[in-house]
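What follows is a structure written as structure tokens; I'll ask about it next.
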Amino acid sequence: MKIGKITGHVNATAKDAKLVGLKTLIADIVDSDGVVLTPSVVVVDTCGAGVGDTVLIADGSAARIPAATTGAPVDASIVAIVEQIYNSNQINNNKKEK
Amino acid sequence: MKIGKITGHVNATAKDAKLVGLKTLIADIVDSDGVVLTPSVVVVDTCGAGVGDTVLIADGSAARIPAATTGAPVDASIVAIVEQIYNSNQINNNKKEK
Amino acid sequence: MKIGKITGHVNATAKDAKLVGLKTLIADIVDSDGVVLTPSVVVVDTCGAGVGDTVLIADGSAARIPAATTGAPVDASIVAIVEQIYNSNQINNNKKEK
Amino acid sequence: MKIGKITGHVNATAKDAKLVGLKTLIADIVDSDGVVLTPSVVVVDTCGAGVGDTVLIADGSAARIPAATTGAPVDASIVAIVEQIYNSNQINNNKKEK
Amino acid sequence: MKIGKITGHVNATAKDAKLVGLKTLIADIVDSDGVVLTPSVVVVDTCGAGVGDTVLIADGSAARIPAATTGAPVDASIVAIVEQIYNSNQINNNKKEK
């Protein structure tokens, strides 16, 4: 999985029928210090995440294992909201105000 | 999914039989500000998208979940047309004239 | 899919039994102007492509949907030969002499 | 597979039910000399790995073949703990104190 | 598939049961001239390859199609040993002494 930081969301009207009702958020893929590795991935929320949250993102067929996304044309979904990242040398708290 | 901007289309005569009748568009993968991250991905349209549209692109097996692409040798398809991208700091409208 | 330009082919004797009889070509992944993005991908031909052709390449499980590659250990195959690429600002013809 | 070096772990409360009980570690993807190629991949442990270990990481659907991860929304898991890497020119021991 | 050059192998004791008995080699992904594109990918051998060989590597689910790797947590395997690479402008022989 990748570490993601939620930065916004996407609105779409014309879309695949199986995407209706799913929340499509925008995330930057980040390293354990929050440095952006890849910007602007669109992910489907399955955990109640919102802007500012640090999350774990599953890619590929793994993204369709959560009940909310099964059978939908989804290749990336949020499977966890991160509370803390423990590194050898530091601890990063997932604080929205940070 | 990735954010894509449609820039053109591809014509092909010799092709897999299951691709006949599918519209193959060219998209640049962009970030939420429209900056190009990866150019010239070829995607199959399932939403009625055209040049200038901002779209969501599903990769891998997810690309074959829409009815139009099921069973075709397709690894990237358009699953939504984006109307608006909301970021923490800004709002981007999907205007073709932009 | 990706746009590829065929540059050569690969000969192999020791290989998986299900690869026997398949034509393994070398392609550069290019953008719509022909600029190389990724060199030297090995792809299985299913359309009668040859050196100098511009093709569409399907990756992953999509590469095994054409009848010729079903059941073979193939992760990239040619699913179309490109005739023309239409961009907003230009038209690129797939001419071998170019 | 990729060579990974375990650098820490991630704590999450809100998460997919099938992730409960799985250990989510952070790894840097490294080359055979330990040089970081991609930082901060989150991987599920199936081998008893810990911080400082060098491991083999399987991506995609392969990550869900170990019994511990089958059916969970996991796209990267540890499938082996590396003892030694033999290169043409050198031998790297997997020593935690290194 | 990708072109790989075998540079060594990996020893592991703690590993998934289905990996026992499989030979895990290290390869650099190279272009058709042998220039390294991505170093240190770990691949399972299914063709009798060794250090110095140029090989074709299949990624993803394709890596588990050879009989030797079916059912194992493997995301990259050797599906052919390359004898010669023919490019438009040159011929590269796969000589171990090169």
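Here the chain labels run A, B, C, D and E in written order, and each chain numbers its own residues starting at 1.
Heads up, the rule we're going with is that a contact is a pair of C-beta atoms (placed from the backbone, for glycine too) under 8 Å apart; a residue touches a chain by one contact, two chains touch by 3 or more.
Bear in mind that the values here come from a model prediction, so they are computed numbers and not experimental data.
Colleague: From the C-alpha centre of subunit A to that of subunit B, how far is it in Å?
Modeller: Here the centre of subunit B sits 20 Å away from the centre of subunit A.
Colleague: Indicate the whole-number Å distance between the mean C-alpha point of subunit B and the mean C-alpha point of subunit D.
Modeller: Taking the mean C-alpha position of each chain, the two centres sit 33 Å apart.
Colleague: Which residues does subunit D have that touch at least 2 chains other than itself?
Modeller: Those would be 60-61, 63.
Colleague: Mapping chain-to-chain touches, which pattern fits: line, ring, star, complete or other?
Modeller: Basically the chains close up into a ring.
Colleague: Put in order round the ring, from subunit C and then through subunit E, what are the chains?
Modeller: C, E, D, A, B
Colleague: Mind pulling up the subunit E residues that touch subunit C in the complex?
Modeller: Result: residues 1-3, 30-32, 37, 46-49, 56, 58-63, 65-66, 77, 79-88 of subunit E touch subunit C.
Colleague: What residues of subunit C sit close enough to touch subunit E in their complex?
Modeller: 7-16, 18-19, 24, 26, 38-43, 51-52, 60-61, 63-64, 71-76
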